[in-house]
Amino acid sequence: MSFIVRRLARSALLLFGVSILCFLFTEMAPGSFFDEMRLNPQISPETIANLRTHYGLDQPLVVRYERWLKSALRGDLGISIAYNSPVTPLLWSRAKNTLLLTTTALLLTWIISVPLGVWAASRRGGLLDRLITLASAFLISVPELVLAVALLAVAVRWGILRTGGMISADFESLSMWAKLQDVISHLVLPVCILVLAETAVIVRHVRASVLETLQSPYVQAARGFGISRTRLLFRHVLPVAANPAISLLGFSLAGLLSGSLMVEVVCGWPGLGPLILEATLSRDLYLVIGGIMLSALFMVMGNLVADMLLSALDPRIRGNEDKAEAEQGLHAA
Amino acid sequence: MGSNLPTDSPINSPNNSASVPEALLRVQGLTKRYVRGGLWRKRLPVAAVSCADFYIPRGQTFALVGESGSGKSTVARCVTRLERPDSGSILIGGTDIAQLMSRDLAPFRADVQMVFQDAVTSMNPRFSALDVIEEPLLINCKAHDTPGASERRDLVRALMIEVGLSAAWMNRSILHFSGGQRQRLALARALALRPQLLVLDEALSGLDLSTQAQIANLLLDLQAAHSLTYLLISHDLALVTLLADVIGVMSEGETVEVGPTRQIISEANHSTTKKLVAAAKAAGSNLAQIAGASA
Amino acid sequence: MPRKSAIPALVVALVVALVALHAVLLFAGFFAPYDPAVQDRDLPYAPPTRVHFIDASGFHLRPFVYAWTSAVQGDDAETYKEDRSRSYPIHFFVSGPSYRLIGLFATDRHLFGVAQPAKIFLFGSDGFGRDEFSRILFGGQISVAAGLAATLIALLAGTVLGIIAGYCGRWVDESLMGVTELFLSLPWLYFLLGVRAFLPLHLSTLRTFFLLTGVIGLIGWARPARLVRGIVLSARNRNYVLAARGFGGSHLYLLRRHILPETFGLLLTQAALLVPRYIAAEVTLSFFGLGVNEPTPSWGNMLSTLQQYSVLVSYGWLLAPAGALVVTSVLYGYLADLFHSRLKSS
């Protein structure tokens, strides 16, 4: 129980730290945040000055941060200039779409990778194993942006998938069932891209972990008893091999969140990604900060869930964080 | 508390350190605690040594024995200043090195050298025999001028021969040496700076019996050749009786009994000493029984 | 007994390929037939020039091309037809637009080219009639250099901080690791965007370049720092380090002679892993318009035109920068795998 409390406290501290980091970054600019606007002759200096006071940018950093923190804790993340409306509802409506995309991708990735990895490991050296190894090695190397653009090109060229946005033009007039189908049909392309990218990574790890478990003495002993292959895999190997794989859950989530940003922009999926990008380009300060905080929140929560899952499965893991991390040196940014 | 020294020795009076005959090393009231935990975890003090008291006259072999956890290794580390004691004094030829700063410590580094238990881990696996033995020469020099490369090679060659290794293996990676050979390398390295006191922390514990005997003989030869003083840390009482002149017994961080070897073995006073002696005798008699039975 | 391992042919091929790639990018001016900024308003969206060896008169050793002429000036896509009335042989080591080799030596020699008015667009041309192949080479200079520089920054910062954390231990270690956890608790692209957001959008190319590499390196130091810290922490307590301390070795000596060498294997592997990732980071930023801007080419901003579906569908050759990126990434990925397996086996 104290483990959960400790992790919660840590997560809260982390989020707090991230918010401080964000505000520190606002001080990073060699000029002020609105410097570009000054170059634009259409925007008068008075407007810029008003914007500055409106955002409280003429106040010292500590005051700004304090004001923001107080309102953030009440759920109010500020106002967006571009949309001229509060940030929180804006973020939230988009966040739902991102969550839909990311969770679907996460589930599918693991549903596909685990059996695939186990199968590849059990038929080590066989044709399928080599194919899977080669394919995953290749896919890991390919940058996610390229993957997204390439798959988009294929989809657009051959018109097989719905591209662009989340819903069709006539969405409102559709029945409940048709609405669902519509969203799903738009979901296919972005999910495919994410799943393809992430599966390559997870399959590799699952395969390696299963291979390692297969070599271990107690599995050899079990084989000596003449246990059938399937039983061996599922009752003896998988539970043990699952641990290092599940510890990847946190990193998997990180990769998916970053990937989803890219995929959303490329495919036009209305999630957090395009919103934050837009906010960055239009210098919408509090929208950017709010977006980053939200993504941090998702990460932290996801990691928390992963950690709890892990510790529920194996209490040894709690002490072995450093070892698991060394193995993850190969993966994640 | 209190060292159980023979009552007729003038050393017994605590204020009489000046009249101690030729004591190369004198340890008085040494304490050392380790603290576990960091910023977030609870700080737990673990007392390793609560009071250590003994002295070693020049040219003698003093053995510190006791069960695991009695604090022997900690004493060894404090004497060689790999750790800094919390309190107490460590006198090397009259100077207290217990609380000296590293700069002031430099001249004493050469006088006291340590040989570790595990020769394998006490040397960098990427090094060659030459690298290992000449390292102290590179770091520390009494006269503050490091000998040149060829001079170092000659020194290393001489040292290797002295410890019973072929000088032709100078450039071989230490991974090619066996356990016993590596312990010889460790000895050669320890001798490089011509120390006066050698601390052997379980130095023979990881070796097989025949190698142990060889290294023990080597130690005796070296001692005679260089008038070395030894502080031998061990849990093996049988081995200690072979090499040591004086035995000190440690139990739970304190020196509980000190005396000449013969006396400790035959007339043990403290309960711990009796336990250790009894265990060693039992092991010895088993061997004798089996040997006798098969004869 | 460790023996000298024979270097397999595949590894040699890999190293050669990587060196060749970087050499070609470094000497982009020589390998590119045209200046990347020069536009040809008559030939927008021209498909890749076809190289021929055989014509009506038979086989020629020297390859040749035909000039493109517009066939139909449609409202959607330009269609081009080869004008077979005249063939233009490809010459090598020709003189063409002058440039500075590695920015230093002024010359006008190019590897290959054809006489005017024909154009040899190996990968076609973009919407402004600029040679895609030349732009890929020059764009690659920026993208790859950004990746390399950012990797250097991240590894340098990560190593120094990792050493400090691992060697000093206790509260220094705990606070530094807390900071790394902070940095690692954000999804990297969000983090990248966030940091980029607060910096000036429109800068000169040089400044943008430094900005990008600085930003990417700034957020990338965390993982190397953790890994280095782990190694330093365990190495610090090894007996041979203690022994060296017993001889009076200073901290600097211990670090230099015993502890740092332990990190080299890891650093090499990390470098091979990070370079392609950071190249991809620059490409992503430029794709979004937050990196290198027109008219300077970068693989990222070259790909951003593909965000329009019409371009994506009709002018497939504009995907070439993606191909170049994939080739680079795959080569580095293979290298990283190699280093990693060598590290594990030692």
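Brief remarks follow.
Chains: A, B and C, in written order; residue numbering restarts at 1 for each.
Just so we're on the same page, contacts are C-beta pairs under 8 Å (C-beta built on N, C-alpha and C of every residue); 3 or more make two chains touch, one makes a residue touch a chain.
Just so we're clear, the structure is a prediction, and the values are computed from it rather than from any experiment.
Counting only contacts among the remaining chains, removing chain C from consideration leaves the groups A | B. With centres defined by CA atoms alone, the chain at the far end from chain A is B.
Centre-to-centre separation between chain A and chain C, using Cα means, comes to 25 Å.
Chain B and chain C, compared by their mean Cα positions, are separated by 57 Å. Under the contact definition stated at the top, not a single residue of chain C touches 2 or more other chains. On the side of chain C, the complex with chain B involves touching residues 1-2, 170-171, 173-175, 238-240, 242-249, 253, 258, 261. Contacts from chain C toward chain A in the complex involve residues 178, 181-182, 184-191, 193-202, 220, 223, 226-227, 230, 266, 269-270, 273, 276-277, 279-280, 283-284, 287-290, 303, 306-307, 309, 312-313, 316, 319, 322, 325-326, 329-330, 332-334, 337, 340.
Contact residues of chain A toward chain C in the complex are 14, 17-18, 21-22, 25-26, 28-31, 33, 35-36, 39, 137-138, 140-146, 149-150, 152-153, 156-157, 163-164, 254-255, 257-259, 261-262, 265-266, 276-277, 279-281, 283, 288-289, 291-292, 295-296, 299-300, 303, 322, 325-326, 329-330, 332-333.
Of all residues in chain B, those touching chain C in their complex are 38-40, 80-82, 102, 105-106, 109-110, 113-114, 116, 118, 121-124, 126, 135-136, 139-140, 173, 175-176, 189, 193.
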